[in-house]
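A quick write-up on the structure given underneath.
Labels run A, B and C following the written order; every chain starts at residue 1.
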Amino acid sequence: MSNNPALEVENLTKKIKGKQIIKGVSFTLFPGEVFGFLGPNGAGKTTTIRMIVGLISPTSGTIKIGGKNVRTQFTEAMKHLGCIVENPELYPYLTGWENLEHFAKMDPSIPMTRLQEVVDLVGMHNRIHDRVSTYSLGMRQRLGIAQALLGKPKVLILDEPTNGLDPAGIREMREFIRQLARDENLSVLVSSHLLSEIQLMCDRVAIISKGAVIRTDSVEKLLAEQERVIWKAEPIDRAKELLLEETEVQEGIDGTLITLYNEPLLPQWNEKLVLAGVKVKEMRTQLPSLEDLFLEVTGGETID
Amino acid sequence: MKKYTLTLVSFVSIAASLLWLFGLGWTFQDQFSANKKFDQPKVKTDSVTSKQDDALSIFALGDSLTRGTGDADGNGYTGYLSDLLKKKSEQEITLVNTAVKGETSSGLLKQMKQSEIQRQAKQADVIVMTIGGNDLFQQGAALESLNMDTINSQKQLYLTNVKKIYEQLRAQNEEAVIYHVGLYNPFSNLPDAKTTSSIVRDWNFQTAEMAANFENIIYVPTFDLFQLQVENYLYTDQFHPNTEGYKLIAERVASLITFEQEGNES
Amino acid sequence: MINLVRNEMLKLLRKKRLYVIVLIIAFLVPLFTYAQFKTIQEQREKLGAQDWRTALQQEITDTQNRLSSSRLQDEWRKYLKIRLSQQQYYLENDIDPRAPGAPTFMRVFVENSIDLLLPLLVMVIVADLVSSEASGGTIKLLLTRPVKRWRILLSKYLAMLLSVSFIVLSVAVLSYLISGVVFGYGGWNMPLLTGFAVSGDELLTENVHIVPQWQYILMEFGLVWYVCVIVGTLTFMLSVLLRSTAAVMGIMLAALIAGAILVNMVSSWESAKYFFMVNLNLTNYVSGMATPIEGMSLGFSMAVLAVWGIAGFIIAFVTFSKRDIY
C-alpha cells in the first residue's frame, strides 16, 4: 500500500434548507483497498457519495481524488474517478457498446481500444451489441462497472453494487470487486446497508449514522472486537485476577469484564472462577455480527 | 448503416441550420433596410387565347351601372340579367364584369387597350355596356351648373370615344350583339327636371344614332323606366339605381337577348 | 465538443423522436394538400369561370373600382395600386396565382403552422432533452465525467438547434415533394409583395416591393426557424428546471395554446404584446397582415422573442451548472 491516498474526504458538511444533513465526514482511501461505507437508509451515505462524485456541492469541506480537488479541479479529479451512483442507469435505447462509446467519447484521453478491454474485463462480449433495455439487472450492473472503468480510474465508487442481484450474482460481484482492487490496485468505495456484504468484501469500513461517521476501522479489528465474552461476577477484582491468568481482560463499563471469546476454553474459565468462590452472575458473548455492533454504536437505530 | 444515418442527419442538419440562418439574415436585410424602390414589373405581352364554348358568355364593361353600385346585393343589372337568362334559356351562363366605377368614355377606351379585355371581348357571345353617365353628369356637377357649352363639348368627346369603343369591340368580335344600355335622368324629380331631361334625351338620341351605324349594336333605352317614380328606383345616393331599378334594367335587356337567342335557334 | 454533440445527436436519433416528427409531417402534409386542393376546386366552381384569367380580370376590376372611390386613404390607395400591378403582372406573365404550385403550398403551410404546429413539433423533441436524463438517472453518469457541466448542456443545446433545423427542413422538403404531386413543382419565380408596415390604423407601404417566391419562402423559413429556436430554447429551459418530461410538455402546450387564443382577443390589452407566445406569427409581418396588438412590428416581435430566448438560455445554464443532483 502506497502512502498517497487515492481519495481524501475532509470534514465534509452539507446543509440543505438550514438542516445539517452531513456533519463533518472525514475518511481516506488508499490504493488497492476496498472501503465499506455502512449505514442505514437516510444516514447520508448517498449524499456523501454524490458530493464525492461532484453531483452535489458540499457546504464546506474538501474532497480530493488522486490529489485533485473536486470543486476547484473538477475535470482533473473526475479523470481519476469511476462510479455508479445508485442503480446503473444507462440509456436503454442504445446498445451496451453504444453506451460505452458514448461515455468514452466524453473523455478524449480514453482510446477507443479501451472499450474492448473493459468489455472483456466484465465478460460482456456476447451481448454487448444488444440494446440495454433487453439486459438483466446483473448485466446492467456489469455494464455499469464497465463504463466506470473506462477512464482507468484510481478510485471506483459503487453505491449499493449488489442491490437487486441474486445470490450467485452477489458472489460474482464480490469476487470481481476484490479482484479489481487486487489486480488493478484500485481503491474501491462500496456503500451498503447490508452488513454481511461489507463484511465479506471490505478491508476497512466506516459506519455512518445521522450524517456523521461514528467509527472507521479495519474489518478484522471490528470482527475481533465483537467476538468477546462479557462477564458479570463478584467480587470483580478477584475474577479479573483469575481470568488474567488465562487470557487478556478488559474492564467494561458498569463493572463488567470483557475477554476474548474462546469456545473450548470458556467452560474451564468458568469452572475456575466458580471453584475459586467467585459468583458468576452473568456470562454472555458480545453481539455476534457487525450488524449488532452497528446497532450498538448507533444506539439502536434500525437498519432495514 | 446506423452510423451512416447519424452522420447524414447531422450534416443535413448543419446545412439546414446554415440555410435558415441565411434566410433569417436575408429577412433582416430585406425587411429592415428602408426605401426600397418598388419595381414596376416589366410587361410581357403574350396572352393565351382559348375560346371556351359550351356556355353563353356575357361580357360586361363600362361604369358603375354595370358594376352594380347601389344594389344591396352587389349584383347589378348584369347579375340579374344572367339569372334571368339562366332561367329562360336553361343554359350555362358565364358572366365577366370588367366595369369600373366612375369610368368615363375616355377611361373605357383606355381600358380597351388591355390585352385581357380584348381577349374577353373576343370570347364573348353577348356584350353589355353602360358608358357616358360620368361624361355627362361628372358626378352630378355639370348638371347643377347647366352650362350648355361644357355639356356640348363633353358630348362631342363622348361621341368620338363611343365610336372608337364600338369599332374596337367590333374589331375583336364581329358576331356578338352589343347591348349599350342607355341613360336615365336621376334628377327627374328635381326642380330643373325639364332641362335635365331634355339634355339626357338628346344624349341618348345621339348615342342611339351612333349605334345605328353599326351592325348588331343595340341601344337599350332606360329613360322611360325611371321617368315616373324615379325616387322608388334610386339608391340613397339619389343617383344610382337600387335593387329594384337594376331589376328593371335587367328585365329589359333580358327580353331583348332572349328574342335574339330564339332567333338564332330558329 | 464535437464528440459531445455527436453523442447527443445519437441519443436523439435512437430515441426515434425525429422519425416520429417526420412521420407526423408526412401524414399532415397530404391532409393539408387535399384541403387546399378542395378549396381551390370549390373556388373555381363558385366563380363559374373555368379560366383563371377571367377570375383574375374580375379581381383587377374590383381593385380598380376600389381605387376609384374618393374616400380612399392615400396609403391604402398605394397598397391597392401595388396589388393591382401585382395582379396585372400575374395576368401578363401567364402566372396563375390561384392554382398554385408546390412552392406556394409550402409558403401557405409554414405561414399557418408557425404559431402552433411547428412549435409543438419542436417541443416534442426538446421537452425530454434534459429532463429524460434526470428522470432516467443517466444524468448521474453524464455529470461524473471529466467534462464541465456547461459544456454538456451546451452540447445538448447545439443538438437542439440541429434538430430544430432538421424539423424545419423536413417540413420544407416534405411539403414541397408531397404537395407537388397535386399542384406541380413549378412556381418558384412567382412574384410576391412584401415590406408592409402597420402604424396605427395605417398601412405603410413605402417599403413595399416585389420578391420572387423562392426568396420569399427562404425568408419565411428563416423566420420560422427563428421562432422554433426560441420555442426550443424555452422548452429547453423548462426541461432543465423540471424532472418530468410530461410537466415540460404540459407547460409549453398551455403557453402555446394560450398564445393562439390570446392573439385573437388581446387587441385592447396592450402589455400582452410582451408575452412570447403572442409574437410567434412573424411571417404575418412579411405578408402584411394586421398585427394582433397595436405597436407590434417584425422588429418588435423578434426583439421580444430574443429577450425571452436569451433569458431562458441564461436561466438554463446557470441552474444546470449550480444545481445539486439527487
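FYI, a residue touches a chain if its C-beta (ideal position, glycine included) is under 8 Å from a C-beta of that chain, and two chains touch if they have at least 3 such contacts.
Note that the structure is predicted; figures quoted are calculated from it, not measured.
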Most distant chain from chain A, judged by the mean position of its C-alpha atoms: B
Chain with minimal offset from the mean of all protein Cα atoms: C
Whole-Å gap separating chain A and chain C, where each centre is the average of the chain's CA atoms: 57
Rounded Å distance between chain A and chain B, as computed from the means of their C-alpha atoms: 97
Chain B-chain C separation of Cα centroids, rounded to whole Å: 41
For chain C, residues that touch 2 or more chains besides their own: 6, 10
Chain C-facing residues of chain A, complex: 50, 53-57, 74-79, 81, 83-87, 89-94, 98, 102-103, 105-108, 147, 151
Residues of chain C defined as touching chain B within the complex: 5-6, 9-10, 13, 18, 48-51, 53-54, 56-58, 60-61, 64-65, 68-69, 82, 85-86, 88-89, 91-94, 161-163, 165-166, 168-169, 191, 194-195, 206-211, 215, 218-226, 285-286, 298-299
Residue ranges of chain C touching chain A (in the complex, touch as defined): 3-4, 6-7, 10-11, 14-16, 136-138, 140-148, 322, 324-326
Residues on chain B engaged by chain C in the complex (per definition of touch): 5-6, 9-10, 12-14, 16-17, 19-27, 30-32, 34-41, 43-48, 50, 52, 67, 92-103, 115-117, 119-120
